[in-house]
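Presented sequentially are two complexes of subunit A, the first with subunit B as partner and the second with subunit C.
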Partner chain A sequence: MSGESQVRLLYRAGVLGMAIFALGPILYMALTAASVRPDFLSPGAAFEFTAAHFVSVLRTTSLHFPDYLRNSLVVSGISAALCVGIASPAAYAITRLPLPGRMLFLLCILAVSMFPPVSMVSYLFRFMGTLGMINTYAALVLPYTAWILPLSLWILTSYFAQVPADLDRAAVVDGCTRLAALRKVVLPVAAPGIFSTALLAFIFAFNEFLFALMLTTDHAARTVPVGIALFEGLHGEIPWGVVMAASVLTTVPVVLLTLVFQRRIIQGLTRGAVKG
Partner chain B sequence: MRLSLSDVSKTFRSLRGPVRAVRDVNLAIGEGELFVLLGPSGCGKSTVLNLAAGLVKPTSGEIRLGERVVASRDGKVFVPPKERNVAMVFQSYALYPHLTVFENIAFPLRVAGEKKGDIGQAVAHAGKTLGISDILQARPAELSGGQRQRVAIARAIVRKPALFLLDEPLSNLDAGLRASTRGELKRLQRELGVTTLYVTHDQTEAMTLGDRIALLRDGAVVQTGTPRDLYERPETPFAASFIGSTPMNLLKVPVLEEGGDLCLCLGQGRLPIPPGQAARVRRLGTAGILFGIRPEHVRIARGTADRPVTGTVTAVEDLGRESLLQVRVGDTTLSVLTEDKSIGEGNAVALDIPLEKAHFFKKERDR
Partner chain C sequence: MGKPPGDRRPPPPDVRERHTAGELARGYAFLAPVSAFVAVFVIVPVIGTFAGSLMQDVTFLPKRFLGLGNYRAMLSDPGFWQALRFTCLFTLVSVPLELFLGLAFALLLAHPSRARGLLRACVLIPWAIPAAVSGRIFQLIYNYHYGLANYLAGLIGLSDRPVSWLGTPVGAFASLVTADAWKTTPFVAIILLAGLSGIPEDLYLQAEIDRAGFLRRFTRVTLPLLSPVIVVALLFRTIDALRVFDLVFVLTGGGPGGSTNSLSLYGYHYFLSGDFGYGSAVSVALFLIAFGLSVLYVRAGRFARELA
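This part shows the complex of A and B:
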């Protein structure tokens, strides 16, 4: 066997291993959700297809799954939009203005996101309680934005630093104000970075559990991760079929979003070519 | 439109303290003139360009565009680039990668809010002038370096600017393209009649393009004049060595006074300094004097019989039509240009140095 085909074989084995490692649980989740006898812990049972769990997740009003999904999408969407909306102009300023101690500033901001959420959650609970915002979207959007903003800022700063300063100077000479240069030239050129940051922020917020558990009380604001965790069967047993069906349905919008954005991100990268 | 800078300085603050990028620069650029700022990298020439564009605010001094003060002495007046109607071509071209060539060229007009029909016409005209009508729908990433260059120039000329600023526009092109684009730029500038400020570190570009040249060093103007002025009458050793495709020989040689006449000692030879030059040499003082002669002005011949200045060839660089020789004379070395290809390394040669073409400078303090 030649060296090249050995490399190719190893490469394929590696890819296969990674795919099984990453997609195996998802496949198992889907199978459990569609099985007549869903038993998470004894997987030996023969598989028999049914859509009953999906139907009951969507139809059973007491489960409130559609509410949870809507809450998750809204909260994550607003958080991601806020993060990118605040971090983009901030990153532009950081990369373009002569700020002394810019690195120190960035490190301080990063330090903020290092606090473990557990250490803040009890205080946050009292804080939101005092403001009367428990079980509202704001109770989640505000901490999510604060928590994801530093990371967004870091990612966007590196993206904006890659946009040549000559581009905004050209825009300014061509008659733009600083803000117009940002809007018409810098933001479109940095768009792939902005989209990937938004996607990342969205997924962060979408997956968050602890804050959502503490700061919401029912289906008015509760998000999917907490909602699923609190599913309960009639007699207190864990309804694996319904849990897994809900998980599958939750994965769908994230996968769709990733696919859509991925196309924009790759499109942006290939047409980019800022170099002279 | 005329552009004038009086006593303009710019100091940048940096972590290592203030950097004086531009020092007391005075320039007056006439209507329709192609004015070149020439100097080594870091001499502040790009900063002068940015000052003219309004991208940088002067620390002191006054800038006028036409009769209008665009940056005032007391710092109270500062006209932003938007209102100056200047156009700039960047070394990196700075094309907007997310827009087509058409939209790139149309950009300044769109920002100015011109009518759609007018924009289409102006872009088509600029595209035709630069010969890029066939690539208007392409994106910058799909273009070659030369095409990008043309797009950048088209974007600059499309709105008929009052002032045209070019920041090393040719330095990213390969040699052949650079020479042809250089000629084209000059022709275009003549046709448009736009006052142009052109920054380069390449003396050939400066000599071939410029109506006048300002030579800069360490943020200050060393000498201003026509290319011929700078070539024939450099005022400092720096100007002498910077202008000319092969740098001028600058030698520290003793000058002797023999019976009222001044003589230059070169190796064993004694060269009488012509009366026209003698006065200047006396004024500079014979002690710390620098003698300059261009390689192309020295004549060389094989054999050493009966010649005052003789030497040995230590290196030969074949430049094609000519050769650049390094000739050791006494304890100094001179560069000499010759078309005689028969002279090789180690040959003994005689040099004929026409002192009427020589330059004399006061020795500069070491920097």
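This part shows the complex of A and C:
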């Protein structure tokens, strides 16, 4: 066999392995969710299809899964919008004005994003408790926004830096305020970057766990990850079919986002990490 | 913002525009909302945790100043050392594994192919779903009676008896590492992929002219040019692995017997039981470790930029 075809064979095997690695557990989750019994792999058992788990996740009011999903979508959506809205002017100022100390500012902000959530959560718990905001959307949206802002700022800064400064300089000279130049000139040109940033902020907020665990108490504000983590059966046994059905329903929106916006997500991620 | 000077002609592009003090002040105002958010919801809470770690702060007990009392107690607490040991070991095992797999994935993804976009999207999926969900999936995979892991082990005859994955310290550790590798390898792969695409094509052409084989091209061209990006991915992942919480919470709950308590989870248990002072001290310990490494990260980032 020639070297070239050996490499091709190796490549094919690698791709197959990679796909199985990434999708195998997802497939297993989906199969368990759609199986009458979770032990369909056991000797003597067989896979038998049912949609009952999905129905019960969506219909059983005591599980509150639709509430969790709604809470997650609302909290992540607002957080992502706030992140982009607050980080955009800052990214604009950093890329357009020769502010002394702006690099130091960016570096400090980056260091902040490395703080472990556990070193903030107890204080936030007390703080939100004093304000009577435990178990509200605000108790999650505010910390999420602050926690995801550093990354949003880094990504947006690298996108804005690519928009030619002459564009908005001309606008300013023509009498626009800086804020108007940002809104009318930079934002439309950098729209794809803004979208990438919002998408990443949404995913980060959607997946957050510790804040949601400590700052919510029930279905009024609890998010999906915490809901799924705390699902318990009646007798302490995990109701696998229901848990996996809930997991599938949680995964579907994220998978759709990933499939459709793969390029945007990858671009945003690499802006945040590499270009910095 | 103020009226521009009377002259309405745009300045020549190569002349640096002058910024008045007022405009710079307004520039700082653009940074104010970010600063305010981060200060109120990140910096102040961290300072609050530092302050709290110096107090006896237990529900139903009078609050009083302890100085370093919580830290002294921590140093003689076997549970803390166990959590520290687990957290370090978890980071030291999972991060290199993810880096190795991530590099392999990045090389595969960089290869031109018609299904490239689809392939990248598939690889991204584990990264995009919540860790709590992946924790549940792997909890089922490692189920003693009917999980996929024991099924596969039996299928290829690896063991004649089911393995108690989550019931033994070693098994639980291995389960956490594999679950974490599944979830975060995509992230590493994507970062390294960006680094790979930054390597000039000519270098490979030159290597081809020199009849350098695949392995030689990899060690002489790819690896050296990729190393700054590898450093970035390494430190991102290290800091993330050190603060692992949700995966452990769901998959093992810190068990069996506290053997897989991460520092985050250990601190959280104290918050849960109402001992905010001691929990804060544990959190501060983790904070200092992560912060030390993030300083290193910023340094390495600068180092990487200089190389690039």
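By our rule, the second predicted complex is superposed on the first by the 226 of 276 C-alpha atoms of A that agree within 3 Å, B and C clash if a C-alpha of one lies under 4 Å from a C-alpha of the other, contacts with A are read in each partner's own complex, and residues count from 1 in each chain.
Just so it is clear, a residue touches a chain if its C-beta (ideal position, glycine included) is under 8 Å from a C-beta of that chain, and two chains touch if they have at least 3 such contacts.
Since the structure is predicted, the reported quantities are computational estimates derived from the model, not experimental observations.
Using the contact criterion defined above for the overlaid structures, shared-chain residue A:Asp166 touches subunit B and also reaches subunit C.
In the superposition on chain A, contact of A:Val254 is made with subunit C only, not with subunit B.
By the touch criterion defined above, A:Ala111 lies against subunit C but remains apart from subunit B after alignment on the C-alpha atoms of chain A. Once the two complexes are laid over each other on the shared chain, residue contacts for A:Gly129 go to neither subunit B nor subunit C. By the document's definition of touching, both partners, subunit B and subunit C, reach A:Thr177. When the shared chain is aligned, subunit B comes close enough to touch A:Ala191, but subunit C does not.
Put simply, more of the residues of subunit A are touched by C, taking subunit B and subunit C as the two choices. Shared contact residues of subunit A with subunit B and subunit C: 98, 166, 169-170, 172-175, 177, 273-274, 276. Residues of subunit B touching subunit A in their complex: 13, 15, 50, 53-55, 80-82, 86-88, 90-98, 107-108, 111-112, 139-141, 145, 148, 155, 165, 172.
Residues of subunit A touching subunit B in their complex: 98, 100, 164, 166-167, 169-177, 180, 184-185, 188-189, 191, 271-276. Of all the residues in subunit A, the ones that touch subunit C in their complex are 3, 7, 11, 14-15, 18-19, 21-23, 25-26, 28-29, 32, 38-42, 45, 86-87, 89-90, 92-94, 96-99, 105, 107, 109-112, 114-127, 142-143, 145-147, 149-150, 153, 166, 169-170, 172-175, 177-179, 203, 206-207, 209-210, 213-214, 224-226, 228-229, 238, 240, 243-244, 247, 250-251, 254-255, 257-259, 262-263, 265-266, 269-270, 273-274, 276.
Those residues of subunit C lying in contact with subunit A across their complex are 1, 3-4, 8-11, 13, 17, 19, 23-24, 26-28, 30-31, 33-34, 37-38, 40-46, 48-49, 52, 104-105, 108, 111, 113, 117, 119-126, 128-141, 143, 145-148, 151, 182, 185-187, 190-191, 193-195, 198, 213-214, 229, 232-233, 236, 239, 242-243, 245-246, 249-250, 263-264, 267-268, 271, 276, 279-280, 283-284, 286-287, 290-291, 293-295, 297-298, 301.
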